[in-house]
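Labels for the chains are A, B, C, D, E and F, by order of writing; each one numbers its residues from 1.
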Amino acid sequence: MSELTKGFIRENPIFILMLGLCPSLAVSTQVVNALGMSVGVLFVLLGSNIMVSLLKNFIPEEVHIPAYIVIIATFVTLVDLLMQAYAPSLSKSLGVFVQLIVVNCIILGRAEAFASKNNVKDSIVDALSMGLGFFFGLTLISLIREVFGAGTITLFPMGSFDGVIEIPGLVNAPIRIISLSAGALLVVGYLKALFNWLSERPAKEAS
Amino acid sequence: MTSTVKKAGKLALICAISALLLGIINSVTEPIIAERKKIELQNALISLIEEGTPGAKEDLAEGIITSRYPIEGPGGWILDMTGKGYGGDLKILASYKPDGTVMDVVLMDNSETPGLGKKAEKSSYMDKFRGKGGSEPVPVSKDMIQESPDTITGATITFSAVANTVKEGSDYVKTLGDK
Amino acid sequence: MSYLGIIITYVFISNVILSQFLGLCPFIGVSKNVESALGMGFAVTFVMSIASLVTWAIYHMILLPLGLIYLQTIVFILIIAALVQLVEMVVQKYSPILYKALGIYLPLITTNCAVMGIALINVNSGYNVIESFTAGFSGGLGFLLAITLMSAVRVQMETEKVPRYLKDAPIAFISGGLMAMAFMAFDKALLNNLIG
Amino acid sequence: MKEKIKITSSPQFHHPQSTSSIMWTVSLCLLPAGLWGIYMFGFRSLLVMAAAIIASVATEALLGLINKDKTVSDGSAFLTGLLIGFNMPPAVPIYVVVVASVFAIAVVKWTFGGLGANWMNPALAGRVFVFFSWTSGMTKWTLPHPGTIDAVSGPTPLGSLKTGLASLTPSVQGPLDLLSAEGVPVSYMDLFLGRIPGCIGEVSALLLILGGLVLIIRKIVNWEIVVSYLGSFALFVWVFGGFRYGTGLFTGDVLFHMLSGGLMLGALFMATDMVTSPLTSKGMIVYGIGCGFMTYLLRFFGSVPEGVSLAIIFMNIFVPLLNRAFQPEKFGMIAAEQEAGK
Amino acid sequence: MDEILRIFWGFLSTVLFGGLLGLGLAVASKKLKVEKDETVEALENALPGLNCGSCGYAGCSSYAEAVAEKKDDDLSKCKPGGPESLAAIGKIMGIEVDLNATRMVAYVHCMGSNDKTSRSFEYEGLTDCNAASLLFGGSKDCKYGCLGLGSCINVCPANAIEKTGDGLVRVKPELCISCGKCVEICPNGVIRMIPEDADFIVACNSKDKGKDTKAKCSVGCIGCKICEKKFPEAGYKVQDNLSIIQYDNRGPGRADAVQKCPVKCIIPYAERKSNETMEVE
Amino acid sequence: MKRLNTFPKGGIHPRDCKEASCDKVIQNASMSNTAVVPLSQHIGAPAECLVKKGDIVEEGQLLGKSGGFVSANIHSPVPGEVKEIKNIFLPNGISTPAVVIEMQGEFSRLGKAVPSIPWEGMSVEELTAKVSEMGIVGQGGATFPTHVKLAIPKGKTCEIFIINAVECEPYLTSDHRVMMEKGREVLEGIRIIQKILSPSRTVIGIEANKMDAVEHLDTLIKQSGLNMEVMPLQVKYPQGAEKNLIKAVTGKEVPSGKLPLELGVINANVGTCLSIYEAVVEDKPVIERVVTVSGGAIKNPSNLKARIGTSFRTLIEDCGGFSEEPAKIVAGGPMMGFTVYDLDTPVTKGTSGILALTDKEIKAARQTACLSCGRCLSSCPMGVNPTKIFKLIDNNMIDEAAEAGLMDCVECGSCAFMCPAHIPLVQGFRTGKKILRKNAMKKAGK
């Protein structure tokens, strides 16, 4: 169980491992983008972790990095094509960052650090943990940025609900800079400090 | 040496499988993507006119106007135009009566600032243009609109870009006459 | 767009780090002292310029004619990975000094969003070959500028009494945020006014 | 003799100035310009200034409490608040002022460790933060109305210039001409005395210059920054400023640009914040020239009419680098190097 | 048909590309093999990677290099790594390492809090013991005790030292990583390392003559030798007017000496560990 | 008017506060009943004690013998009985053994006329031996044993001999008074050193706030046709610091980390010259010196000639005691001097002044964080970056601080004087240097 939850705080990929920062910042202007991105990442992470750990004995040492890259890029392209076909507006607002999942350090980092050394089951747990941690982090950032920066929370349109929750008071005069690039960096900075504090606390309590 | 070739071969094999897989997926999704794009455009075009149907696309290279669609039925045109906004190009679709009166405008792709220029994506933003361009001029500066200049404070550039583009379209439609 | 326009755009207006969020991992990781920041900055500039050229060529000469755009991601990333390896070997072989200065940063570049990001942006913007190169080069310059400034700030912060949990990475992010705010002085309107 | 006598390290006596005396002296020198602003723009501007000062000082007190560091009395938070108030339009919503102050003190100053640790000017960063967030609230100007109660809004000279330039007719010879054509005529005297719309504290060039001179004489403000900033800006305006009016090189209206906007406030009181400016004279001169160039660039080409705040915080980024580049020359180093060379 | 052709082209070009790449890399990696010493790499993995510098090297990897190149034969220099690192390093270098050595922790050998010691002047200046000790050895009349300004707190990488609030500092043994930095920085040498399982402590550092100590501090060791003489087997040794307790010699009478000490400067360690205050009755 | 010479970089202009005592003729101070004579009144190894408790000593008898190459003899300032030898703290915060002598018996010199010894015929070796024997140490503040300074190593020559008569420390006027009242003796002392060093040029550097001394010495030199010149200098602290004085006089910079001899320069303080005169011509060891007693809390600021070992209390009482409660008692000048808490602290060879400063004078204020105002940089005469070095030391980055120029700092205090944040910069540098020394010793030990 702790393997699965470690990604939330203790080994949160964004805030503690500090990987995959670019997409976290770039697509976190709206909650819906963050959700979409997280799902994409989770999918790629799962797929590539499974493949890498399955093929770890097949892939020769000298070419293991290119091989991982090919595997990951395949899954990314899959996600990209599927999103374009079935979620075009999401695909548009995520822009090049879908394709950039490929370079995104988490996946490479995890493939190298974990999947290539472990069996399929552990790799899946790890992928889930990291993916959920990423999901958690990204949603947190986007929630803060959207609420303060735009005064709204944008989700999926469902039925008569157009997907946008407006925060009274903020929506008319949001702190717009929070939704811009400067705000993203500031928000992540303070969240990182918060996570530093959180991740140090259990150690203290234990002792 | 053989082991080197073998290693390269293994990588090639992985590449091959990937390429094959993606090729197949692509052949499935490509038509869907194309179809989606077409429907999206069609929906946008239909939403711009109250009656009649949009005709076939005709590519143009008249300044900012990239293509036009005749409105079959009552006549008039839908223009596909590109304006220069605050954050870059604005893709604008606008429908006109044959006399140049604006029926409707919609802002498509853009990279304006959320909360400022992005407000122009809302349909209500275009109220100030609807019905203008014929007898009344298209408002191109803040002073020319009475109701709610509030929506454009802090986003004058976006507003002028949209307004000037819509106006240019109107002028262009006027030159086409009743064709 | 004119070449000057491209340079201003990618160095200031759409700075890869401060406004596009590309290459943040090395930006935070390698900006602890000025020397390595400079090394990383030059290495990125170097690789980004070449990668822009090569990916342009591959895209326009192979992928586009053969209708293989769906292989873009996979091909680009492989090219960049190979390129970085190649550059590393070439530099090591022909310029040990340069290798000493930049070599250790090269492996970090494969996993750097900025290189791949600029390659993708180039393709999406429909640049010609020289424009692509210029964009790649100035994207690198923008990275160099941002990471150098950041490293000087961080070195200065090392001897300030920064609250404990804000030390290091958080302070780097927040400083980056303040920098991004100042860089907002440069916007597209300024570019338009400046070069017509 | 005292029960317990003081034991300290040398030196045993000290220059009379201290951090707090400096901060309070600067505040005092700013006071006349602030009072002028209140006189010109009415009661509301007093409210704005008070809100800025109270919010800054309260934030400082709170964070000082958390960090176990009593720093309110050093006056720097008061000064930051005062300067934020100075940099606000009279009609700005109060919450904007409060956010600017809290951002300045909490984010820009205390995140880095409080007084002296920040590398960006808190007041200006606070202003820019709210400017980008609530652009419209930050660009609502009030016409000067000394003595009367009701405020009438009107554009600033630089703002009108910006709109006017967009549809320039060829007959206009310069900014003053253009402003008359736009229907908001001003004279150099209006600008000099401060009978124009603008931020509360920035309008009176006269009073700001007087205050600044006092500080320069007391060596609180570094003349290097002031001279290189104003000098380089004047030079750029003079050489290139005429282009927009089609009058060619060397025809820019230097006086107009020197007296308008927040330039005097910025150059005398804000670019000179010692915490966020370089340490050595050479560094200060380079920094000043950078500020001058950036102000010119943003005023003439930027999308916002006023470039001073952004110019200064942009140059703040370069200060740590400038401090590395321009170190003092060590005594005996020249000789030592020669020795080594031999 | 078109579709299939395209898939074929994609297939072919990617295969070619991948093959060439693989070939290139495989060849290159052979040619550039000697890059990194395996031992160094293994050592780096065995070290915690904190780069704290407590080993005396620029960072973990330079220590690893020094060990690998046999420039340094002390394998236990990485204190933060603890026994695990030590064992791992030992294994790599083929040396058996004693894992059973008790952990050492720092201890501040002084109980002279503000109310128990005399002072003759008011010190004004840097909050730093080394700075204060330059001026008449600090404002406490006892020149051996803790100045309480916390130079040690500033250097401790583990945040293991805190001020007590009454002019002294104390080490939280559970956080101490035995790096010894505090011992080194303390101008008065009042911090010494003791084993984690210490039973008793002589909590004083004064080498002044008994009379002088008594005049300056109410809990200072006066070197009366009662502990040493009355309990000769208990492992107390008085040197330079100061009783030193020996931890490898814990003979009978150890605890009785605590009672007999006239100034009560011998205290049980366990008690000190859990108690916040300095009071020992 | 021709601009006077000075050093170009850095320096400050504190109020000189010399008016209180600069016209006061040197008076003989009282002697306390007991003299406390520390065995380490100089830089270098302490002297080895030659007496023990109960010994009867004469005025001028050797108490301590030079304890190494860099060390100096210590003589008894008074006749009497050795009561004890105890450790005391000197104002510089260092603990040292001191001989406590209870005054009794007859003075062999005091009040007696001594014949002058003709020195022209003595050889250089004889002269240096005399300087060494009489325990002369520099009186400019550093208390470096003078015989060591005068023994020029082989291969080096002294081109220029500079007499440091700058007295740039505020309040202090002892050198000034010595020049006014003992001009002839000082010049004679300089001639003795000229014989030892045979420099091609001899310059007496005096700051322009002592123009009367400039004129006085100039007249005396002209009268006797001596081969030396007086050079008035602009008033700027710390002109008296060796390297800065050399820069002001010769325009040359002593390289970082090197001695003035590198440029062929040697310098000595006026008081040192007087001591040499007394040692050689009057055969008198260093048993007394001129001390300025001043400061806002002193009733009658004066210049006193005091025996070594006299307590500060005695001197202050000679000046009428305190007029108000002092905030600090300082040994030396206010810029480089040390505070003391014990009025029984004795006068030593290096005590140039005793100041009792009031709260109003010291301008104390709460320390705040550094404002990066740069005042410390622009005031530093050594061109180092005090704020940077201080912050590095504050963060335990001692090696980096050393690299940034910590060892170039002469602890003149200009930076800390100017610092509006009232940061004790100099204390930080001293601490840094201490730790650096400790680390170096540990390294050497290993």
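One rule holds in what follows: a contact is a pair of C-beta atoms (placed from the backbone, for glycine too) under 8 Å apart; a residue touches a chain by one contact, two chains touch by 3 or more.
Note that the coordinates shown come from a computational prediction; the quantities given were computed from them, not determined experimentally.
**Student:** Counting C-beta pairs in contact, which chain pair ranks first?
**Tutor:** Highest contact count among chain pairs: D-F.
**Student:** Can you name the chain that lies farthest from subunit A, using the mean of each chain's Cα atoms as its centre?
**Tutor:** Comparing chain centres, F lies farthest from subunit A.
**Student:** Using mean C-alpha positions as chain centres, tell me how far subunit A is from subunit B in Å, no decimals.
**Tutor:** Once rounded, the distance between the two centres reads 31 Å.
**Student:** In whole angstrom, what separates the CA-based centres of subunit B and subunit E?
**Tutor:** Measuring from centre to centre gives 68 Å for this pair.
**Student:** With chain centres defined as C-alpha means, what is the inter-centre distance between subunit E and subunit F in Å?
**Tutor:** Distance between chain centres: 43 Å.
**Student:** Mark out which residues of subunit E touch at least two other chains, giving numbers and ranges.
**Tutor:** In subunit E, the residues touching two or more other chains are 6, 10, 13-14, 17-18, 21-22, 25-26, 30, 120-121, 124-126, 131, 134-136.
**Student:** Give the residues of subunit A that touch two or more other chains, as numbers and ranges in rising order.
**Tutor:** Expected reply: 60, 62-63, 66, 70, 73-74, 77, 81, 174, 176-177, 180, 182, 186.
**Student:** On subunit B, where are the residues touching two or more other chains?
**Tutor:** 7-8, 10-11, 14-15, 18-19, 22-23, 25-26, 86, 116, 157
**Student:** List the residues on subunit D that touch subunit E in their complex, please.
**Tutor:** Contacts found on subunit D: 4-9.
**Student:** Considering the complex alone, what residue numbers of subunit E touch subunit D?
**Tutor:** Within the complex, subunit E contacts subunit D at residues 119-126, 131, 134-136, 139.
**Student:** Give the list of subunit B residues in touch with subunit D in this complex.
**Tutor:** Residue positions touching the partner: 86, 116, 153-154, 157.
**Student:** Mind pulling up the subunit C residues that touch subunit B in the complex?
**Tutor:** The contact residues of subunit C facing subunit B are 70-71, 74, 187-189, 192.
**Student:** Which subunit D residues qualify as touching subunit C in the complex?
**Tutor:** Result: residues 67, 107-108, 110-114, 116-117, 119-120, 125, 128-129, 132, 294, 297-298, 300-303, 307, 310-311, 313-314, 316-318, 320-321, 323-324 of subunit D touch subunit C.
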